[in-house]
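Two complexes, one shared chain (chain A), two partners (chain B, chain C).
Here is the complex of A and B:
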């Protein structure tokens, strides 16, 4: 622990040096915060906290993902309308990187050096965010709750300012693998994987439990829309259960390819690829009633770590609906917006934990200290500590039925590597009555 | 009884089936996979062929390569999508997109290419590259940059013939048929009609053609218009029953170009054969070696063809010395 702090301080000192060299105006801005008697941290004034994020608002990754920051913003607006956090309103700036890592570098540079944000919250995508990991950590900017399940965000020694949020793909893969092994021991499993960390981590987790049950693994390259050869190879291997670690558009493409091949395995898509509303809207417009949207996904198995919009009487979903009705922009509440709100909720908790005079290092220290105990919308607890910056510890398995889901398993939790999988017995107490958390400052 | 040592590892996991049946089933599945991959390659190849035909058409009628062909086809496909989404039938969208392609081709030739004609041929090619980027950006602004589904007028299920799956959907058959029709029409145009002869003459030697009374300007415009229409067709064929986004034609541009070079750039039949060869090869590479090798395989084919038969498999004209 001490060692981490030491390293962080060192990095921070280096970061300041760099910041001073590259953006001379930075110190001026700190002083201009004008908060009498308080510390003058970048991005913090007497009545505001400025934070930033990068999302694909245009481009191929935009469908669905571009909804996330609108949810985050709606929740921050809700908190601001109720007085903010310690009297400070949260100013949330999100910029478009089109899921292109070189754009991400540019927009995050702007956010940090020009907008002078206090922290980056919820930046989306493994490849895009990887491009700014070193920059944020050398600048000493808290990099909280990256919207991706990559294992890269959990490297507290190398990247002391970066934290994951959602369950990582390996943990998800492990829980999926054990579920299939226990409940469908005769299934011949085919893996349909995105050819990057996402697919690799998921495969690693799933294979840990499936072993001999895996009869084939096929990878698709993002951008090549012809996946029929991959699906044909899974079919030829005799796979009767296909486990997909793929993005939503490839859920649609794999369904179309299997129509062409008359291939009807049990489909099991990991959380990322299974949003029924998004995949359904992609599939629904094909002709002749042959493909009728979400109904095509009936019976598909997937995992969840947040209650979804279809569970309208879940107390968290009721809160999100109320927030969206009051502060949302155009459109319906979607699972993506709900995800953004849930991340925003965790940030508000963290900011409260950092106390009335938050600093960048204080924020990180607070999250390491109380992160594992935070009660929020997640079905499984976070794994945050001085030694771990990993997000939620687990998922539950469920089945899509029309536009709703039915529960197939309790919430299971585990950790990376050889850690055992156990059933999570903690109860989610639901949101506080006013919908705003009240976390005690870390003393 | 097959000795246990002779059983491949995969078969041992078929616990529910008797051993012999397991092996027979595996052989049947292996054959089925090859058929699937080959037929998938055929339908992909038809699309590359359509695109290659457009490149051949413009090459034969103007002697340049149009790199904006894919973007133009993409753009007109979005016009069709806008019409279909506003409630018109698929065929209205289809017809309007083809006409829009015709018009766009003529406009591009008259307004843009005409200004760089007569200069080095490379200038026109570079201009088409600029158009390629500009049209893609414009489409993203006008139609959005997200994935959208494009309907198909026919079914999307493969056929099942006596337990054997034929991995061709009715829409794939339509695409293959459309490509064959276009190919025959182009052969007929260049071989049997006066217009075709004039177009070839204009492309071959503008000065001489003019002296012989050929309206060279009009022929060039016509060549561009027809080529853009065929390009629009390829855009519609690849979009049908799949997802579109402004860059969805990019892969087709590369593979269609290789197909056209394979066929010798001059021959409609060569373009179609080249397209089918590309489609099949890439599908087999994707299915058996891995989808990450597809682009590399296309490059390898291009390099091999250029090294072994620089004029393509079907080219009959000798290289012209200037």
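Here is the complex of A and C:
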């Protein structure tokens, strides 16, 4: 910075001619003193921390996803009601991008430049968030816990301020692949994939273990609602287990298509596409009421990395329910709200780790240092370190049964690429009694 | 007030080019002042407005002056943005060249689409261009090796060069971040486009386009080659959309299918209609509405005590209400009202000219402009 000032001062002193100099002094008066010193950290005052996020609150992606920030906000309100973090209340601003990257770029500009947030927490969507990755990292804004399982968030060299949160799709695919290979060695596996990095990463992970068990792989393009050809092709290939890396609306569409074709394989949906409540409501909407609710998903296998609302006696879910009852707005506690609360919990931990006077760089450094040891609602630990900004390391496999889930496997953890899959032996101690973490500041 | 307007009008240069140049120069001064007096966030909003305005200006020439409706301009912007991304990511093409190339590529697409469009009318034309809006983002997903698929193509936007930061600091003692740099790129492009279009509109081509819009049979009897001129209008409009896409690529730093949905095409059309069909100034006003209205409404909603989600949902509603209100109360759009003021006094200097040439501007054909509805 100092180098630039010197050069500009020289330029200014030298002058480029009368007209320019006049203009310079005229307009200079407007902008003089416009170089703020970096005395205090952006977004932090003595008693507040301001953070922001972008979510689709309107448009096609809004159902379900627009619940997430309401959960996050409820948990922050809960923390604020208990005195905040180091005496600071968390101000949480979330803005609508309608899942459109051009809008994301606008609202994140607004959050960073206008609202002057300290950090972005939980911004949702692979394509929308890609649009602001470069901006946030060049501005040095911590970009924590992107709500997407893409591998893009784990590039600490290129994007030092960006961190993933949920297990990425490749890790999930690997664990699913090995589970199927070990427990259903005779299954003829068909893959039903979204035609983007979500499907690609998942397929890569699954194929690493399934090898020649895969008899067909069919892709659908998001936006094309006719998936009958893909389902028919899986049926024709004789697949008796269909593994879906797809979003919730395509879980509903694939179920309806297979119903029409009288095709009844064992279904195995990855975590993203398996929320029973949302899929159930989509099913009855798409079929105009002919198929009712979540009952169709009975027996479907899926994966989990957080306890869901149906596990009402899980201590974490009890905490979330308590938070939602006290600080939530309208509506029920859903898995999406729970996801938002869990992200908020991890942020509170990170802020505590950054100490009493957090800075943007300090926040990132603290997360790299203690991130892998954080105990929270996640079933598997995070992989954060100086060399990795990847989120949770694993998932467990479970089966949907009525309004609950049945555990099929312990939590497995692994890493990207050739890393082995191991059983996670750590025990989740449950939430602290007051529901607020207490992480020691890093030295 | 009215006499002041008349006084200003008398002092404008007589030639169209001179008048337009003068206007653009004045606009340039205003733009520089605006960008230097506002904060980086307003700069970034103005950058966004610039690419909407470039596309809307092109669309208003096509729809307002030539009477061809297009629901596919969002897709043409996508062509421009992807072309821009592919060129910039090579790392060797300087961005002004890449912008021109993006406009040229989109113009070529415009020739193909325009040739088909020239044979169609009304709802059929709307349908054909709608197909374009739906189809083009699909291509980006299908050829994901080149275009990055669903997650999009990241674009390495130009960084503000040192000389730019130096000049800005020297003149205004302001910091020049990338938001400001992009805003300057966008607005200089926009002013150039407006200058070219306003001359074109006032030229023989503009007159012939209007003639075709108002009565095809009469125009053909007068010796106007209908097809060729309609294609030309489409190509000019497409080139603008391509240029807009190129600026979008720089500003957003990403070209992804979800950025170019049918909503974008419809937003452009509503901007053009609300601003005043056929008027370049109207395109500018309409784009300003696209950018500034949603955050303003959301802000008001939050102040009124709505939750974040409710406030966000208010924005599309307000947008729809504005559109319906304008259609009911001022079908000529914002510029229709402004023009009514401008022409309120009987004219002296232009009294000799046939009144028709002006009347055409005042009454843009709205027959082809089916209501595009609110933002869905």
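Going forward, the second predicted complex is superposed on the first by the 398 of 443 C-alpha atoms of A that agree within 3 Å, B and C clash if a C-alpha of one lies under 4 Å from a C-alpha of the other, contacts with A are read in each partner's own complex, and residues count from 1 in each chain.
We adopt the following convention: contacts are C-beta pairs under 8 Å (C-beta built on N, C-alpha and C of every residue); 3 or more make two chains touch, one makes a residue touch a chain.
Everything numeric here is computed off the predicted structure, so don't read it as measured data.
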Partner chain(s) touched by A:127 [first = chain B, second = chain C, both, neither]: second
Touching partner for A:221 - first (chain B), second (chain C), both, neither: both
Which of chain B and chain C A:110 touches, first, second, both or neither: second
First, second, both or neither for A:197, with chain B first and chain C second: second
Partner chain in contact with A:138 - chain B first, chain C second, else both or neither: second
Chain B versus chain C as contact partner of A:58, first or second or both or neither: both
Chain B versus chain C as contact partner of A:427, first or second or both or neither: neither
When both partners are placed on the shared chain, which of chain B and chain C touches more of chain A: C
Which of chain B and chain C A:418 touches, first, second, both or neither: neither
Shared chain A surface residues [contacts with chain B and with chain C]: 58-59, 98, 195, 221, 223-224
Touching residues (chain side chain A, partner chain B) in the complex: 58-60, 62-63, 98, 186, 188, 195, 212-213, 215, 219-221, 223-230, 232-233, 235-238, 249, 252-253, 256, 259-263, 282-288, 290-291
Chain A-facing residues of chain B, complex: 10, 13-16, 25-26, 29-30, 32-33, 36-37, 40, 44, 85, 90, 140, 144-158, 160, 165, 167-169, 172, 241-243, 245, 247-248, 251, 283-284, 286-288, 290-292, 294
Residue ranges of chain A touching chain C (in the complex, touch as defined): 4, 7-8, 11-12, 16, 20, 23-24, 27-28, 30-32, 34-35, 57-59, 66, 69-70, 73, 93-96, 98-102, 105-106, 109-110, 113-114, 126-128, 130-131, 133-135, 138, 150, 152, 194-198, 221-224, 329
Chain C - residues contacting chain A, complex: 36-37, 39-41, 44-45, 48, 137-138, 141-142, 144, 149-152, 154, 157, 165-166, 169-175, 178-179, 248, 251-254, 256-259, 261, 263-264, 291, 295, 298, 307-309, 312-313, 315-316, 376
